[in-house]
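The following pair of complexes shares a single chain, subunit A, combined with subunit B in the former and subunit C in the latter.
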Partner chain A sequence: MNELLTVAGLAIDVLTREGPRALVRDVGFRLNRGEALGLVGESGSGKTLTCRALVRLLPSACRVVAGKVTLSGAGDLLAMDERALTEVRGRRVAMIFQNPTSHLDPVMRIGEQIAEGLILHQGLDRSVARRRSIELLDEVGIADPAHTVDAWPHQLSGGMRQRAMIAAALACEPDLLIADEPTTALDVTIQAQIIDLLRRLRGTHGLAVILVSHDLALVGDFCERVAVMRAGRIVEAGETAAILAHPRHPYTRELIGSQPRLVPPGHYFPVSGAPAERAPRVKLGGGAPLLEVADLVVTFQRPRRVLDLVRRRPATYVRAVDRVGFALASGDALGIVGESGSGKSTLARAIVGLVTPSAGAIRLVGDERETPRYRRVQMIFQDPLSALNPRLSVAQTLTEPLIVHRLCRRAEVATRVAALMAEVGLDPALAHRRPRQLSGGQCQRVGIARALALSPAILIADEPTSALDVTIQAQILNLLIRLRAERQLALILISHDLEVVRRVCERVIVMRHGRVVEEGPAERIFAAPQAGYTRELLAAIPGTRGFSGGTPLAWQGVA
Partner chain B sequence: MERFRFLIWRPVQMLPVLLGVTLVTFVLVRSLPGDPVRVLLGPRARPEMIAATRHQFGLDEPLPVQYLFFLKNLLAGDLGRSIMYRAPVFEVIAERLAPTFLLIAYALVLSILLATTFATLAARNEGRFADHLVRGFCTAGLGLPGFWLGILLIMLLSVRLGWFPVSGYGETWLGHLHHLFLPALTVAIALAPVLTRNLRATLIEQMGADHAQAARSRGLTEGEVFRRHVVPNALLPTVNLLGVNLGWLIGGTVVIESVFSIPGLGQLMVASIFTRDYMLVQGITLVFALTIVAVNLTVDVLTVALDPRVVL
Partner chain C sequence: MTEATAADRPAAAHVELPPMLLAGTALLGLWIVVAIGADWLAPYGPLEQDLSRTLQGPSAAHWLGTDNYGRDVLSRILHGARLDLQIAVLGVLFPFLIGNLIGLLAGYLGGWTDIVAMRLLEVTMAFPFLVLVIAIIAVLGPGLGSLYVALALVGWVSYARLTRAQVLVLKSADFVSAARVMGLGAWRVMWRHLLPNAVTPAVVFAMTDAVLVVLLGSALSYLGLGAQPPAAEWGVMIAEGQQFLASAWWICLFPGLAIVSLAMGFSLLADGLAERLGTRP
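Moving on to the complex of A and B:
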């Protein structure tokens, strides 16, 4: 085989005030021409650092302390001088990144960013480089390349930005593309398109790819070989199919077990490699609904400029939520699924009362004066860190709602806070920590405890795990499943991840452009989707190849 | 061009602002104790002479009537007559306009040169000796009062070394530049540190930005990344800061012109306040206000030109 890249004994330190700390140790792998390697791991596992070290673009506090990175025809990249490196970057090894928005220069036209490598390093004429940019944009599937070449990054959608970034990376015909979480910031259908594009480019350009991802299913679809990283080391590596079917390392097993698609409905997500446990049955209310939403409309006014006022142009509105209706009984779990911009978060905010609906009704059972809305509906948020006041400790955060709403006497506050922390599985020792000193999972537990402090009957979780790693996601979802059963909570789970929703909720609403496109029992929707859009969403879920063969691992322990 | 449409409307929107400026100046200057006619005629003037002169300038009318007259004349392009100079305010101001604007432009050019040089030097050498040196200069420059520094520069460069004139404005263009160097430098030493610190910080921030990292990954050298991606992105905040400071600078010429005896608007403003020359004070304030409006408009145009995302 034709070897392209060999990494051996790579070690990276970060310089801290207390001296150097090891982040990556003894990482090694080989990559042949045209091959795809998946680098899988959770945040902090060192996968991104490893990739950046390959082209020596580490953050300034990090240093490569040992190792060799040999690129065929170029020698050891780690021993090269800066000048020679610029010859490798872009021409031999190119990179694309997680966030195409921040990785494109906002004040430079798309075409110029694609062409600059061609002009500066291959000495191409401006007009020739421009023509090449248009060709590249066409190749990455941009519908109107002759027009897009002169567009600014902010005029493109997220998916188009990622395509433009791929075009810029491919401009100088590299042999290796390092793709660092290239689809994490994108919607699931766009994600599928980008992955298809990368697959096609591998074929046409003979491109080798290192795909860095936390998403094992995605890697399983795309890569022939995979390396699993944890705490700066590769714990397991080999053929993708073999590893997915017979993982040897316990961490790999945990990672695979946490994949929502492998968890049977009505079960807890397996944690630390243990088989999935059956979740307690929830008594479904069935009878009188707790919450009724009827023909709900939420509109936002587009900003008006002075000129519009002068010319008496009428204000224009966007319908974020368009005639949505559903009912929720005690103990129900309703999943709301849709891509960004579908209005699912606005719907949640309207129910909690954070935005005012323009039309329609939100009816909550019970007397508003006796128990106001915020005592009956509570929400937990997507970004657990920014949803907490950074200046308040955990105990202070949980005390606040109790005091403000006079739910208990001062003397009882401490015991109530301790009970809440215990209920969401927070170590009492964390009571005086501030959000920044907590992990993402711990922050989300605080957010859940804060919502529970008011003993709501309905809990709305807006993408509660999309900022978290898979194993942490499993823990948080397990917590929600348990709380729902213990407290007879009605749960509304908003997610872009259909597999998660399917495992937690009995009923699902699919939203698009503010409207409900499909509604029904979760199992029916997944087995026989009616709306074209639902089918599209389901088809876009990664993992349809990697996990397809044989019985999924996690099901084996289930009777 | 669509994005520059605001140029049509912005001046119209500014009219109420300018109207407010005239009203505030009118009221303030008349609420000062003292009377221009008494200053003009001296302490031994006879009451009938005072009354006659007051009538001549329309100062015996009720205040609202005086204001409406002022506005009426303004619409006809007439700023009124200066009581002290016994000449149209417009002519008095026109004579003094050039030195002040030359001084401001000169100081601006020097500040920008100093700030871009030092900020680039500091940002490219972050945390190293050059950076610390630049930051030291900035702190020192911010701490020194302008008039004191001006006097110090006169003593050293003019009196001791005789390189620059002590005061005045000069006769020829070259003479102007020679005469105004020290006052412009004095202003620049106060202004440049503000700009340098801001520009240094945004340059460093942009050097670490994701898009700069992406450009490096495409094989651009550090210099190319700096020139093509870092600088264009870093200019925006500094341009806006410069706009704010330019307003302050226009007011600051009053002190500098006094220290260096430059026959400009600032000096004229001080003199006209002392003599309670109502019409002249109103005229100069209006010119200053117009200048600041123009500066803000320029900053808006630059912002729109530099950042494709901005829509005004």
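Moving on to the complex of A and C:
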């Protein structure tokens, strides 16, 4: 009666050269009208495939081999012919995706893309459809909808595009919205706005939502019920609050335990559901100064169009980093926080010498001839796979800096490489693999080992875990915490994730539009943020409801 | 704790080669064997004349007939493989080396190096390929040496463009930044990190280019600008047989088939490599 969607015994195979391989097995759940279900799991767990199977939009190599998907009033979607299915898609079930850029047609105006469904499904004529499109854009919170309706997708920001996609999805008043990682590509404040919007639309439209996400905190905020997927199966499902408070399956526990917000500062992140262990204490304060950045400015020239040259308009410049200054001493851990475009990566690239500053100073303490810059400061990159040369094996990658800079004798190279691999927790058997044959976490460990090969005093980690799953993120952060203590490394951790920075760093810099908005001890900034922007950032972090039963309790629950 | 990777599957999983790659390699391999073993395989010498047996059709003694000097066509084709393979390899090798070097430097260094290299490239491309090659050979005097020089001077542009485009994409990749942060010199970054990753399209194109060069070499020999008679070269053979086309078709037909099969070998290899390396020329 109240039931909207029932999925039972869903199984999906992928056809490979070696024959079919099971990707999803025995997935079943129910969804009532107006309800929100969270589908949580790591990459490769089959959550996206499951959703795509519901509207029969699987990649061509994948096949549904068993199962039933019943939509009330429409019957079994899997047994339906393509014509009937077209009626269901868009009119009854709508979908929004992680990357709005690739799901909006770049050569179609925003309004036309919204109107398309209205004309097709509801038979409206053009002018009525256009008026309705403007209403929809207004409803999803786009300022000045009368103009935006005629905009091209590239003229909108990421958050605006996602709003436009939601407007297109809602055009025909569907009963069910499938949202596949709708905010993963967005900044945290924009994410909060989109989730607010979805929550409001649920209220006004009685919309049921399936929210696919890797972010348990987000799901905890938004969904009444949650299903945790792993390796193509649902391992645990039920009321969100109950599962967050009392997870039964060990994997769910690991997933919850890896949430940075549940880890007390000064502890390792719990791995495999084990309780958080206290990290070795680092002696704070009084370390020898290593790095001083003073009034640093980095400007980029805006690309000039031919017309600008013809009209002799002067070149315009953007200040990516605008008068930033800080000091770093040995053993320090400094977090740099900000949203995309805040200049935090440019700052890092300037410190390691990849970008030339326009003004200001970067003073690395010590004699440049004695210890060149690369022996004092090294960097870890965001995308672990693209940070490794695809043609070199792990051993070759780690050998190169040792040989080129004559850091040890040739006879010792093999032992040094083995020692480095052991230090970052890499299996020696992986030495002859190439990056493509490694997982994301393993690639990041190789990247860390390569940086350590030069024994730097400062390690800059630029979003080292944002491309990784949350349990792998915990392992990599633990490695950084341990290396910092063992090697007395000064660490600069750049991240958009405030919770991560808070757990790893004692000092935090908040950046926006290239400037430092706030600076201070991590605990003080989180407890009593001074700047308005910092408060905005903190408020946008998901997990305010789901985990709100008192944080200390929650991390005892993990243990 | 564990993440699944492609390599976690059984190590025995053997790599499947595209059939086109195998066919191309087999065809080229055949011609290489022929070129090496021509002295033993050929029943007669390539220049051996027998004026009592001119213009004879295919027979038991002369499988593919004889030409107007009574030379055995089969023997000349087998010996001609040496020259034509040499043209294919050298005619591609020099442009490949020069073009990749220029593309690598222009892409990585940018600035003036790039501007100068690109203007040079545009000037070269402004002339029709064949006209420019023929003009250079005309200045240097006919012969294979001139052909190689002309190809090197004109052919590098394609390689330079392909490799420069790849380098421009790759030089902002994180692994190149990482190499620079590690304090590696510009040559090392280019040679060890950029080139091996940027060269793939150029390698695939080289195979396609070899087809064109074989045909071009034969065509220029036909025009009297490449290999000179009486050398056993397929284009020369066709040129010499042209006047007997109506009465003694075999003099032209069989060298023509040889050219087609060698070109097909390179072409299949190009397609196979493109599939194997995941790029399309």
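The rule is short, and it goes like this: the second predicted complex is superposed on the first by the 539 of 559 C-alpha atoms of A that agree within 3 Å, B and C clash if a C-alpha of one lies under 4 Å from a C-alpha of the other, contacts with A are read in each partner's own complex, and residues count from 1 in each chain.
Methods note: contacts are C-beta pairs under 8 Å (C-beta built on N, C-alpha and C of every residue); 3 or more make two chains touch, one makes a residue touch a chain.
For clarity, every value in this text was computed on a predicted model and none was experimentally measured.
Overlay done on subunit A, so just call it for subunit B and subunit C: clash or fit.
fit
In the overlay of the two complexes, what angle sits at the CA centre of subunit A between those of subunit B and subunit C, given in steps of 10 degrees?
So the angle at the centre of subunit A is 30 degrees.
Check the residue A:P401 against both partner chains and state whether it touches subunit B (first), subunit C (second), both, or neither.
Once the two structures are laid over each other on A, A:P401 reaches subunit C alone.
On the A-aligned overlay, A:L354 touches which partner chain: subunit B = first, subunit C = second, or both, or neither?
In the superposition, A:L354 touches subunit C alone.
Using the superposition on chain A described above, determine whether A:N389 touches subunit B (first), subunit C (second), both, or neither.
second
Check the residue A:A414 against both partner chains and state whether it touches subunit B (first), subunit C (second), both, or neither.
neither
Given the touch rule stated above, what does A:Q442 touch, subunit B (first), subunit C (second), both, or neither?
A:Q442 contacts subunit C only, not subunit B.
Regarding the shared-chain residue A:P372, is it in contact with subunit B (first), subunit C (second), both, or neither?
Touch partner of A:P372: subunit C, not subunit B.
Could you grab the smallest C-alpha gap between subunit B and subunit C in the overlay, to the nearest Å?
7
Give the list of subunit B residues in touch with subunit A in this complex.
5, 9, 13, 208-211, 213-222, 224, 228-229, 232-233, 306-309
If we count contacts the way the header does, which residues on subunit C are in touch with subunit A in the complex?
These residues of subunit C touch subunit A: 1, 3-7, 13, 16, 173-175, 177-184, 188, 192-193, 196-197.
Quick one: in the complex, what on subunit A touches subunit C?
Against subunit C, subunit A makes touches at 17-18, 44, 271-272, 349, 352-354, 372-375, 378-379, 381-383, 386-391, 400-401, 404-405, 433, 436-442, 447, 450, 454, 469, 471-472.
Going by the contact rule set out above, which residues of subunit A touch subunit B in the complex?
Going through subunit A, the ones touching subunit B are 55, 57, 60, 82-83, 86-91, 94-95, 97, 99, 102-108, 113, 116-117, 120-121, 152, 154, 165, 168-169, 171-172, 306-307, 310.
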